[in-house]
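Across the two complexes that follow, chain A remains constant while its partner is chain B and subsequently chain C.
Our next item is the complex of A and B:
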């Protein structure tokens, strides 16, 4: 038995060493560097006390919350619909809705530019209709659009998997008792999907808080935390502040995912 | 009658969502093949922009392919044994270890990259080599390999299978090779596709970890979007789509969860 244990430890060791050397140790160092700047450990409080950082914290959380809400509504409707109704073309729609799954943030940013940029489709259509060109790719709205684009594929997959496990008999029962479709939705379907909504929502939120590629492609002026960190690090060479902010950002995303995991009771991890 | 209307309402909505996702992809593919996107498709079709990308950014394509394969090799070698241990011993300790392994996915790539830079950035030989990017990619993709293999291993009765083989006199390594590995083939395949796809598209970390000599495909894309005309950016995106599409199709085909297998398939 002891021999067995030793072997298991040996098998776990390579992953453990890589992880300790390249993640735990660097993260600990990042934490201390965050407190080594001009302001010392106060750098960690600056995110709440300095209005510049507080503003970007609010817009980051705001965009993430809006993304999560919009994505859950959109993916909830389409996911349940596609799971319930099998019609010719269903599989095609599912693969169209899930294929952007692995697009990196930069490419998502470019997709937003194709739609809402200076030469984008929305601009052309609005110009033809109203004479005025609607361009919003390079603002928070563009970022919001990009994050929704990014989050729909993975959320739809989660919703569909959860909807498959819902017992249709419960809905039949509710309906035969005279419940309207609206009541069935509120009292049967949504409660049944709640764990999936919580875990998928947490992933949306955490990804939108921490993502960098989309904002980077759209505009350097978008005032969200990842962009602020990047600017502190490169332009201002304020490494301590960048370290402190990114450490706080990491804690925020980790907390959101950990809370959701306790609430939903299933495995949750962000991606992208 | 009312339910019929509801059906079409939902179908219409779903089609709109599809359009939202697909239309920009089509626009960008068109833009990459048009002489002048501003004028429109009437200006003619051309491969000029694709050639321009090939000539200017070919290296990023090769680096990304190499990186993702190296990343796959590392995650296989360190991830599969780790998943085996986590499946074999399900204690509070191994659960905590599993939680920790997922941290690099939960923490923004920007933070991980900064942490790596402040810790190892002064080792200039390491900092300027592609191995520096590889380290970041391994951290980010390892949880996907481990979880994917772990999911398969947890679904089979590993203990009975191994005890059976052990009672027939098989030592640890023959058991690992002939019983464990074949049984988690599905998980390894799904995990591998995930690792390669994610590594190919990783940007959040890579943007800080790269140097002018170690530009990956997404880094090149960001470059092109920022500094070159829309057509070139589109052609570059087209090249990226062509590379990633087979991987995504394979993921959709293979990565679906399979019913749990209890017995090893007949040995080939």
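Our next item is the complex of A and C:
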């Protein structure tokens, strides 16, 4: 038994070292730096009392949640469709959908500006139609659009892999019992894809919370936490506040993901 | 409360199926299934039996010109969810996100049956399949036999007009297969439901079918009662697919079929016959001293307890298979005299 335990510890050592070096120690250090500023531990309280910080926290989580929801709907529908219907050009379309994986956030931001910016396509079309130019690239809506765009590839691949494993006989059984296509979707397909939705959604959410490049490109009026942290750190040189915000961002994201996993129950274990 | 809807008669008219890639799964087929009858589709894989079942179920549409009628009403273009047929699959196809009771009650919930009624019907079904104690289990906690019982209960709970079973026992081990086959048989009898059963296992087909439809390469080879199919097979394929068939080659002279091993007296022998077929139970090993004019040597003997299965070399490509109940110890190389009952002889 002792031998067995020693072997386990030995096997866990690499992961333990990495975890300690790149997660535990930095987080602990971050936590203490957060309390080392002029205001001391009040920096943490400021996140809740200062409306600038609190608003940015809420808008960050809001954009991330909206991005996750929209991405799951879009990728769910197209992922299942692409997996089920093989047509000429199917493979090409799938590879094109996964294209944004290669783009840095800056490029995504640039594309959002080209679409919804002051000289963008949507602006030109709406001006021609209504006489009013619709511009939303530089707001949370623009950010949301960019995030959805780069979240789709990861999600769609996960959904397609899961859709391939769905047993078509389950759908046939449901139909034989009288289930309409809509009920089959609700009772068989969505429950079958749930583990994939949760694991893909978690990655999607975490990425959207932490993404910086796109927000930085769209800049101006966008008040999300990574931007605030950047401003505090570089412009205001308020390192303690930046650290406190980073720490809270990490903890909140971890908390949301942990909650999602608990709510999903044992199905997550299957998703890996 | 009746246990099922009034059983339906099903007929197929000119039903063929060609898949998108051009493969012909089913040649045009006409078939009438009586109300309350159990019909078994039997054949090797790829013979079209499952395709036929799926056309009846409404999971596939026949090629243009084909028709499916339930009690004379054309349902060809009616999707499965509107046909009210129960289905049981080889892979069970139970919903993993629901409990046993949830699975069994699913069709009733779809039909918006009041909750109290669903509960009563579900416990009635569980009791009938003897799985009441499993009601709250998750599907992944069940054995294969239990899963198939749940699947049967789920299919019957909605009182379907017909029950369609696609190789329901194939995934189970031999012993369980026998038990469940008996249960399915008594279930079908007691429900009086029209049932269509697909299998590649001839023992299952013989045990369950009122009639058997033997299929080969997308065509019907023979339709008949189990006894007819076994005793009077219409083609060589049917003769060899069902049960064991012995074969002797030779020619007919003066009411005797002569082969390498000797002669078989057969008054009604067709003059042109060059090959005769018969079942193992129509040939026996005679006591030494009794002359029959037919003999061979034992190639292998397997003592099975109640009988001995003998493989007897008679100079043909295949040895004869004989089931002997004689209290005698056979060993390799023993010469044996043989007698064939001419009533069991076939020429195809």
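Please note the rule applied: the second predicted complex is superposed on the first by the 224 of 272 C-alpha atoms of A that agree within 3 Å, B and C clash if a C-alpha of one lies under 4 Å from a C-alpha of the other, contacts with A are read in each partner's own complex, and residues count from 1 in each chain.
Quick note on the criterion: a contact is a pair of C-beta atoms (placed from the backbone, for glycine too) under 8 Å apart; a residue touches a chain by one contact, two chains touch by 3 or more.
Since this is a predicted model, take the numbers as computed values, not measurements.
Asks: Quick check on the superposed pair: does A:68 touch chain B, chain C, both, or neither? Answer first, second, both or neither.
Replies: Neither: A:68 stays clear of chain B and chain C.
Asks: Please indicate which partner A:56 is in contact with in the superposed arrangement: first for chain B, second for chain C, both, or neither.
Replies: neither
Asks: Touch check for A:199: first (chain B), second (chain C), both, or neither?
Replies: neither
Asks: According to the stated criteria, A:177 is in contact with first (chain B), second (chain C), both, or neither; which is it?
Replies: After superposing on A, A:177 lies in contact with chain C but is clear of chain B.
Asks: Just chain B (first), just chain C (second), both, or neither: which does A:22 touch?
Replies: First partner only, chain B.
Asks: Which partner, chain B or chain C, touches the larger number of chain A residues?
Replies: Per-residue touch count on chain A favours B.
Asks: Touch check for A:119: first (chain B), second (chain C), both, or neither?
Replies: The first partner, chain B, only.
Asks: So, does A:238 touch the first partner chain B, the second partner chain C, both, or neither?
Replies: It touches nothing on chain B or chain C.
Asks: After lining up the shared chain so the two structures overlap, which partner does A:246 touch, if you call chain B first and chain C second: first, second, both or neither?
Replies: A:246 contacts chain B only, not chain C.
Asks: Which residues of chain C touch chain A in their complex?
Replies: Per the touch definition, chain C meets chain A at residues 57, 59, 79-82, 84-87, 89, 91, 93-97, 106-107, 110-111, 151, 154-155, 158, 164.
Asks: Under the touch definition given earlier, write down the residues of chain B that touch chain A in their complex.
Replies: Touching chain A from chain B are residues 2-3, 6-7, 10-11, 13-15, 17-18, 20-25, 27-28, 31, 37-38, 74, 77-79, 81-82, 84-86, 88-89, 97, 100-112, 114-116, 118-120, 135, 138-139, 142-143, 146-147, 172, 197-198, 200-204, 207-208, 218, 221-222, 225-226, 230, 233-234, 237, 240, 244-245, 247-248, 251-252.
Asks: Quick check: in the complex, which residue numbers of chain A touch chain B?
Replies: 7-9, 11-12, 14-16, 18-19, 22-23, 25-27, 29-30, 33, 74, 77-78, 81-82, 85, 93, 95-107, 109-115, 119, 121, 149, 152-153, 181, 206, 209-213, 216-217, 226, 229-230, 233, 239, 242-243, 246-247, 249-250, 253-254, 257-258, 267, 269-272
Asks: Can you name the residues of chain A that touch chain C in the complex?
Replies: 167, 169-170, 172-180, 183, 187-188, 191-192, 194
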